[in-house]
Structures are given as C-alpha cells and as structure tokens.
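In the two complexes below, chain A is the common chain; its partner is chain B in one and chain C in the other.
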Partner chain A sequence: MVTYLIRRLIGLIPALAWITVISFAIIHLAPGKPTDAAGAFNPKASLEARQRLEKLYGLDRPIPVQYLDWLGRTLRLDFGRSFLDDRPVIEKIQERLPITLLINSVALILMLGLCIPLGVFAAVRPDSLWDRCTTVWVFLGYSIPSFWLALLCMAYFGVHLHWLPISGLYSLDHDWMGPIARMMDIAHHIILPIGVIVFVGLAGLSRYVRSSMVEVLQKDYIRTARAKGLSERRVLFHHGLRNALLSIITILGLSLPDLITGSVIMETVFSIPGMGRLFYDAVMARDYSVIMALVTIGAILTLFGNLLADIAYAYTDPRIRVGTALTEC
Partner chain B sequence: MSLLRVDDLSVCYQTGDQKVLAVDQVSFSIEPGEIVAIIGESGSGKSSLALAITRLLPRSSAQICARRILFEDTDLLEASEASLRNIRGGRISYVFQDPSSSLNPVLTIGEQLRETILTHTRCRKSEADPPSLEWLRKVGIPQEHLRLSAYPHEFSGGMQQRVMIAMAMASRPALLIADEPTSALDVTVQVQILRLLREFQQRFGLAILLICHDLLIVRRLAQRVMVLYQGRVVETGAVNHVFEQPAHPYTRRLLEARAYLSGPLK
Partner chain C sequence: MANLLKNHLARAGAFILAILALIATLAPWLAPYDPLAVNLPEALFPPSSVHWLGTDPLGRDVLSRLIYGTRISLVIGFIAVGVAVVIGSAIGVIAGFFGGWLDSLLMRLVDTMLSFPSIFLLLAIIAIVEPSIYTIMIVIGMTSWMGVARLVRAEVLSLKEREFVLAAKGLGASSSRIILKHLLPNAIGPVWVAATLGVGSAILTESILSYLGLGVQPPTPSWGNILNEGRIALGLAWWLTLIPGVCILVTVLSFNLLGEGLREWMHRPHN
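What follows is the complex of A and B.
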C-alpha cells in the first residue's frame, strides 16, 4: 500500500507541472500587466519609466524564462511578493485562509450530515410526497442563481426581519468585545452565507445519494438481505448505504479544493474577505504572483483530493483493493 | 399437517395503468421434509410465487392476495412485519439464482454469514464464529477458517452458491426455497450443489421448494412437481406420474422440448 501511494504521488507531478505551465501561459496571454495601473494608465509616466518598472519586476524577459524563474522560487516554497502591495503572497493567503476554511468546512460538514438522510429517505419511497418535495427543492437549488438567493436572504432575514447581519464578518464594535462575544459575532455573520451555500450544494448532493441509493436498492443482494429477515434499517444502512456511498466518495474528493479556494460569488456578495475574493482581485489586477500561488495550491488540492477519493474507494470497495492497489504493490 | 399451505395465491404487478397477473390463484402444500418442484418457462410466475410466500415482493408495485398462506400455524398474510422477519431467513430461507449478485460485494463472507446467525439464534456476537465455520465446513468449503474474512468476489460461482446455502441453513430452517439455485452455474458444479441440497434435506428433515426449469434435475431430486403456465398451475402430482403420463398439453410440450436437446445440434 505504501509503495502504491508513493507511486501515485510521483504520478501527480507531471500533471501538476502541466497545470502550472498552462495557467502561467494563459495569464500572460491575457491583455494587461500588473504594472499597467502605475504605468500605462498613468499619463504622466513616460515610456522609459514604464520600461524601468517592467525591468524591475522582471516582466521584460521572455515568458519561458519568467516561468522557470517562478518555478525555481516556488520549488523553494517561495511564492514571491504581490505586485499590488508588495507584501509576501504567503502572508496574504494566511490572512484569508482561516475565514474561507471555516465557512466552507462548516458548510461541507452540514451538507454531508444532511445529504445522506435526505437522499436515503427519498430513495426508500420513490415518488412519495417526501421524494417529490425534495425533487422540487433540488430543481430550485439548481436553478436559482446563488447570488440572487443570497440577496433575497439578505433582504428578508437582514433588512426585513433584522435577524442577521447582511455583510462582512465583524460588527462595528467587534474590537471591543470579549473572546466569546467575538466568536458569537463571527458565527452570527456567517450563518447567512453558510445557509445559502448549504441550500444550493445540498440540492445536488442529496440527489446523488438518492439516485445511487435507488440503484443499489434494486440489487439482488438487497433482496438477499431482506430474505435473511434483517430489519429494514439494517438492510438500508448496512447493506445499502455502504454500496451507495461509493459514488459519493468521488464527489467528496473533488470538493476538497473548494474548501480552500472558496466561492468568488458568495464572498463578493457577502463582502467576506476570503480566498475567493483574493483570487478575484488578483485576476483583475493581473497580480501574477498571487494568481499563480492560488492556482498551484488549487491544483495540488484537486489532484490530492482525487488521490484521497481513490484511497477511500479502495477501503470501501474490496474489489478495487484487490484489483489495483494490492496487485500493484 | 402440512408445513406450508397456500390457498388461492395471486400476485399482481402494477406498472403505470397496466395490471399484470403474474400468479393466478395458485394453491399447493408442502409436507415437512419433502422436495416439491415448480417447473415452467421463464415468465410463468415461478419466482414471483416464491417471493410472495414470505411477502418479499416490493409492496409499491406488487399486490399479493390469497385466502391464506399458512406456515407452521402462522398465516403469513396476516403476520406482523416483525414476525415475518423472524420467519424470513429463520424458518423459511432462500437461495437465489445468481450467487455473484446475491451476495453483498462490500461485506465479507463472515459478516454475511454471522448476520443470519445473530438475527435468528440466541447467540452473542463473540460466539457467532464457531457456527459460521461449522456451516462453511458443512457446505464443503475447504480451509473454512481462512474464508470468513474473504469477500464474495474472491470466490468462484459454485463456492458463492455454497456460501448462500450456508447462510440459508445456518438458522436451521424448516423450509428452503431455492429459486433456480443452479442455473447460473456450470454443469459439474450444478450436480455438487444439488447433492448438497439433498444431503441437507435428508439430514435435517428440511423441506425444499425447488424452482427450476431443468426437467432432469426435477426428476432426480423432487418428489412432487407443479407445472406453472402463465401464472396458473396446470398440472400437479408425483414426479414419476407427471413425467410418465402428463395430462396437460403444456406439460407434454414441456417434456418434448427436452427431447430436442438430446439430439444433435444443428
């Protein structure tokens, strides 16, 4: 198993290298440079001054050279400094990461905890009232644009009912609060964004659980389990769900990077200073070093999430364990 | 008194607006320790009948009605869900057609075997291993102590069916319903499985309801036979009698159909 893991990890390296090459190329193909704000958009800046600025940042060299330079620094875990405010990129990420991580992990845990019972109950009685209600809700969750739902929730729970704050993370008097009150304040602020993320995400996820559960419940071994006289609960959760979860593991593995990259739309609508906003602002300012850092981290997490899903898969499905993992060892 | 007595059992499937009558007023009885075979072509309602006895058919699509299904003094039609569960796998066990899909792929053989024992006997979790091993040995699985932690896909089809039989027998049922237990297996394995069933019938006084479309097997194994055609019993009687003097034209055609197979294939 260990050799298998090492081999898989080494296998990720070429994929990762290609991702960085392609994203580096695309960013540089896009019109505009990080120096434009100070240079091209500034009528007082002379051509000579602009060229000096580009030379300072190393932007005058050929792109492959710039890439190799970036690669060399990144391999030493140095993501460079932001073009925008000259602060280390790592520092900017460290500042944003906890917020995004908090919101998205709470949302993911809630989604997971809810999607399984929702999907299973819908699968047990297809076409029941409960199943139809969840179907309607799934269509709503899929088709309502999340920013619009967010705005509606803000208008109703925030402006109309005055229950929840509508934007930001902190109240005005946050700095004067005690530690517990501060936590409560943040919790109060993230209820709405988490609620919207969960509502929208849960729709699809519970549908996945439902459809794979419906499929599993028609299998012969479910009939065997019933013929053995097992209770319905044991049939569903011991014999059924274990098989149905196989298809959900893949989706979970793929949603791992979402934990960290964050949602640009949600963070913009709710004015949350998270990773999504950082990325959006960086793209708009052509802040190459921040963009590349975020893309690389996202790529690593995506590949890692895939690997994790494969491993989890092997643990739940003995056929795969023997088929690939063990024989490859 | 009969072990199982079925009176006027009908099974009806509802698909959309259509109603399909799969089993039409079938009555029969099985005595303790007897092997009764049901023969008929595919689609004649054999499997529906087998599943309907312990009401295993999906309630959403299948309707069962009968005057009564009397099993050891219990009317299965009126039995509560809890007492039905005690009978299923406890007093009436099933062996199904395709063992490779009838065993749960993500649970070990041991887990699946222990489950029957724990559900139907007074046995603590820690005490379930010895009887599991014993049943694996009785169904003829070599090196049984290594097999409890194996998964179904590591077994051949014949071995899987042996595990299914061990699972069915572990609760010492009075009636085994074998729904085409050998049609998914190759011929040499078929014989072994059938021998095993007969051995258990003789050793434990087990009654078997054998659903089968192989007339040779029926003739060698069963004492009585029912011929099912389009959901109805068209003929019933002692095996030798039915095979030698078939009364119903369908039975005659069924017996003639076998004759083609003994001739050369063109």
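What follows is the complex of A and C.
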C-alpha cells in the first residue's frame, strides 16, 4: 500500500509541472499587459510611471524568471493581488469559498443519497418502466443546457409563481434579520440552484450506479448467494450493492474539484457570489492573477481528487494494489 | 426489442439532424425577415401570424434569428470537432507510433489537459483572444481533443504490431508513409462515435459561451445569445427563453442518439 502511494505521488509530478506551465503560458500569450488600464490607456501616465508599475508587478524581467518566481509564490499559496481592486487573490477566494462549498456539498450529498436507490431499482428490473424512464432522463440530462433549465425554473418558480427568489444569495432586508431568519433566507435562495445541479448531475450518476450494479449482479458470487437460499433482499443489498458501491468512490473523488471551484454557469445564471462567479467576473475584467490562481487550483484539485479516488479504491478493494504489485514483478 | 428501439431512436436523431442541416443551408430562403433588422416599435411582440415566434427586445424576428442561429451552431459544432479530431489524431498517432519518452510526454499532456476544469480552461483562453465565431470554434476544438488522442493512440498501439504494418516496415516504407497510409485510415473507426457525440457537446459549449457573452457576439444570432437577450425579459417574453433552449436540446439530443446508435452498431459482433 505504501509503495503504491509513493508511486502514485511521484507520478503526479510531471502532470503538476505541465499544469503550471500551461497556466503560465495561457496568461503570457495574452496580448496587452495587465498594467495597460492604469498605464498605456491612461494619457496622464508618463513612461516612467508605466515602467515603475511594470517593475512593481515584475513584468520587466525575462519570462523564465517570471515563471519560477510565480511558481515559488504559488507553492506558498501566494497568488498575488487582483489587478481589479488590488486586494490579495487569496483573500477574495476565502470570501467566496464558503458559499460555493455550501451549495455544492449539499448538492453532492443529495445526489449521492438519491442516485443509489434510483440506480439500484433500475438495475434490478432492467427494461422495466422505471428503467426506461431513467434512460430517457439520462439522455435529457446529457443533452439539456443546464443554464436553460435554470432560466426556465427561474421564470416558472420565481417570476410566475413567486415561490422562490430568482437570484443572489440574500434578500434586501437580510442584514436586519435574526440569525435563524438569515439562515432561512439563504436556504430559500439556494433551493433553485441546488435543484438544477442535482437534476442534471443525478441523471449520469444514477446511470453509473445502474451499470455497476448490473455488472455485479452477473457475478458468480451472486449466483452462489442465491443458490444457497439467501433472501433476495440480502443478495441485493449485502452482496450486490456493497460491491457496486465501490464505483461510487471514484465519483466522490472526481467531484472533489467541483466542491471548490463551483459551477461557473449556475453561479452566473443565479448571480451567486461564489468561486464560479469570481472566475467569470475575472474573465470579463481580464483579471489575470485571479484567472491564473483559479485555473491552477482547479487543475491541482482534480489531480488530487483522482489520486484520492484511486487510493480509496485500492484501500477498499485489495485486488487493485495486489494486481499492480503482481504486474510489476 | 431494446436494440430495435434504440435503432429507431438513432434513426430519429439522424432524421432531425438532416432537417436541421437543410434549414441551415436554406436559411436565406426560409427566414421570413432579415435576422438583423432592428424594428424598435415592434419590440417584444408575442408570437402572432406576422411574427410566428414573436420578436426580441430590439424588435427583430425571433424565427428568422433562430433559423440563422441553426447555421451558426451547426457550423461551429462541426468545425470545432474537426479541429479536435485533427489535433487528437495527430497527437495520438505520434504517441502510439513512436512510443518511448515522446509517448509519455504527450500522454502526460493529455492527462493534464483533462485535469483542468473544462469551462475554466475555455474561459481562460477566451479571456485572451477576442471572442468571435472563428476563435470559439478553434478554442472549443483546442480544449476537447484529448479523448480522440487516447482513442487513436490505443488503436495505433495494436495496429502497429499487425502483419500489414510490419510488412510495410519490412519493405522500407518511411514512418510518415506508414502513419498516413496504413495507421491513420485504420485507426479512425472508433473516432466516428466520439466525433458524433462531440458535435453535440461542442454545440452545448457554444451555447453556454454565447449565453455568457463570451461566444458568438451580437448582432450575429446564435441560440445562446438569443437566450442571453431573453434573460432581460424573463417572465415578460417566454418565447425568448423557451424556444432557443428547445432548439439546443433537440439538436444535442439528436447527436447523442445518433452517436449511441453508431456505437452500438460498431460493437455488433459481425462488425
């Protein structure tokens, strides 16, 4: 297990190197300089002032030096300052992170809780009415533009029925509310975004559970369990589901980055001030230090999410680490 | 039975796509109005016998804009996938054929590209280049070639040990000749499925970008930016929100059905 872990960690290094090079290259391919707004476009700024500004941001040094400098600071979680309002990027992230974390963890818990029963029911009776309904749902879930679904929900539940607020996170009188009323206010605002995220995400997830359950149910040990006279319930849940759930671990690992980076689309449509919205605003304002920080964080989280999933998988399923050890010999 | 049903669905998908292609080609003759003609006194008219699908906040005919939008979406979808297939095949065939350090370098690049959250990568690049029809085709292609690269590489790895490739090598064929004449034509099979599904997701991506204001720029109509204009009048003008979304949904669904049908057809035993 330990050797497996070490090998996987070393395997990450080239990918991490690529990530930093790509993130850095993207920004340096950009035409114009981040100092242009205050420098070149400002007729009052003298050449000397512009050079001083460039020196301040370190833009006058050779590219490899700038890269190493940036890499060193990134490793210390120092992402520099926003070109927009000169606040440290890390501070802006800290401000937005709890909101995104809240919305996405609630959505993830709901999805996990729902995908298992949905997938299992479909797997137990293939080609039943329920199975067909979920198949249709899966195709819809993959094909539907999620922002459009969000707009429809806003129009219907928000504008037409007046049940739910359509955007933002707080009501106008939020600051004058008591603590419980405040929580209710936020809960009210996040029902729609969470609902849309769950509806779209659940389609693929329940399909995933279904196919791994179908696969497990064809195994010999399920036939053995049935042959020795166990109740169907016990066969399904004790012998079948427990093995099918291994695949859910992979999903959990892959969802880790979404928890942090959030959904650019949902947060933009619903005007939720989370990480996704922070990224969108940074793109619109060409705020390169924020863009770079979020792109890098997102990619690194994905790598570690994958790693975490593989480790958890190897931990729960000994065949994997033994298997890799054997092929190595 | 299930097989037959799926085949019917794939056929339905192909049929709808054929109609859409026809609409896109004949757009100038089908559109009742000029899609760019602003007519402020008629802004936000609901659907009627004059404007079948109503008008937008600038009084432009929505049906005409949707018809021209079909053209934009299909062209962007196909060209973006074309770019992805070209980049992916090139990288896949080079990695698979030459192997060694070049293979691991390129495959690490694929892993890395896949580890960027795709919308982040797209938007980060679009923040650099000016968004237009041409740039987003290329950017969508540049961020979606990784699956193709993996498929082609896997095919090439098994193909290059086959007799006809070994024979070509034995006869002294150059690497480029083996790649172009023997490997690529035979490795491209499974790419068709990925490409069909890819057009659907490229159209979806285009609509997201255009909705966010980072894709097709107004006044050029696209399904995504009609939705963007509809957001201002949400609840006032349902036709601006409902209908373009249905167009996107139906188109992407058709590509997905056709792709799945194609996958099934290729995996049939006698194929």
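Just so it is clear, the second predicted complex is superposed on the first by the 282 of 329 C-alpha atoms of A that agree within 3 Å, B and C clash if a C-alpha of one lies under 4 Å from a C-alpha of the other, contacts with A are read in each partner's own complex, and residues count from 1 in each chain.
Just so it is clear, a contact is a pair of C-beta atoms (placed from the backbone, for glycine too) under 8 Å apart; a residue touches a chain by one contact, two chains touch by 3 or more.
In this text, all values refer to a predicted model and were calculated from it rather than measured experimentally.
If we overlay the two complexes on their shared chain A, which of chain B and chain C does A:I26 touch? Say first, second, both or neither.
second
Touching A:F157, do we find chain B (first), chain C (second), both, or neither?
Once the two structures are laid over each other on A, A:F157 reaches no partner at all.
Just to be sure I read the superposition right, which of the two partners does A:D220 touch: chain B = first, chain C = second, or both, or neither?
Touch partner of A:D220: chain B, not chain C.
Please indicate which partner A:W18 is in contact with in the superposed arrangement: first for chain B, second for chain C, both, or neither.
second
After superposition on the shared chain, which partner residues are touched by A:K228: those of chain B (first), chain C (second), both, or neither?
first
Kindly classify A:P318 by the partners it touches after superposition: chain B alone (first), chain C alone (second), both, or neither?
First partner only.
Output the chain A positions appearing in both contact lists, the one against chain B and the one against chain C.
Common interface on chain A, chain B vs chain C: nothing in common.
Which residues of chain C touch chain A once you look at their complex with the stated criterion?
Those residues of chain C that touch chain A are 1-2, 104, 108-109, 111-117, 119-121, 123-128, 200, 204, 207-208, 211-214, 227, 230-231, 234-235, 238, 241-242, 244-245, 248-249, 252-253, 256-257.
What residues on chain B touch chain A, complex-wise?
Against chain A, the touching part of chain B is residues 51, 54, 56, 60, 84-90, 93-94, 96, 98, 101-108, 115-116, 119-120, 151, 153-154, 164, 167.
What residues on chain A touch chain B, complex-wise?
So the residues of chain A touching chain B come out as 125-126, 219-221, 223-231, 238-239, 242-243, 246, 316-319, 322.
Within their complex, state which residues of chain A touch chain C.
For chain A paired with chain C, touching residues are 14-15, 18-19, 22, 26-27, 29-31, 127, 139-140, 142-145, 147-149, 151-152, 154-155, 158-160, 166, 257-258, 261, 264-265, 268, 279-280, 282-284, 286, 288, 291, 294-295, 298-300, 302-303, 306.
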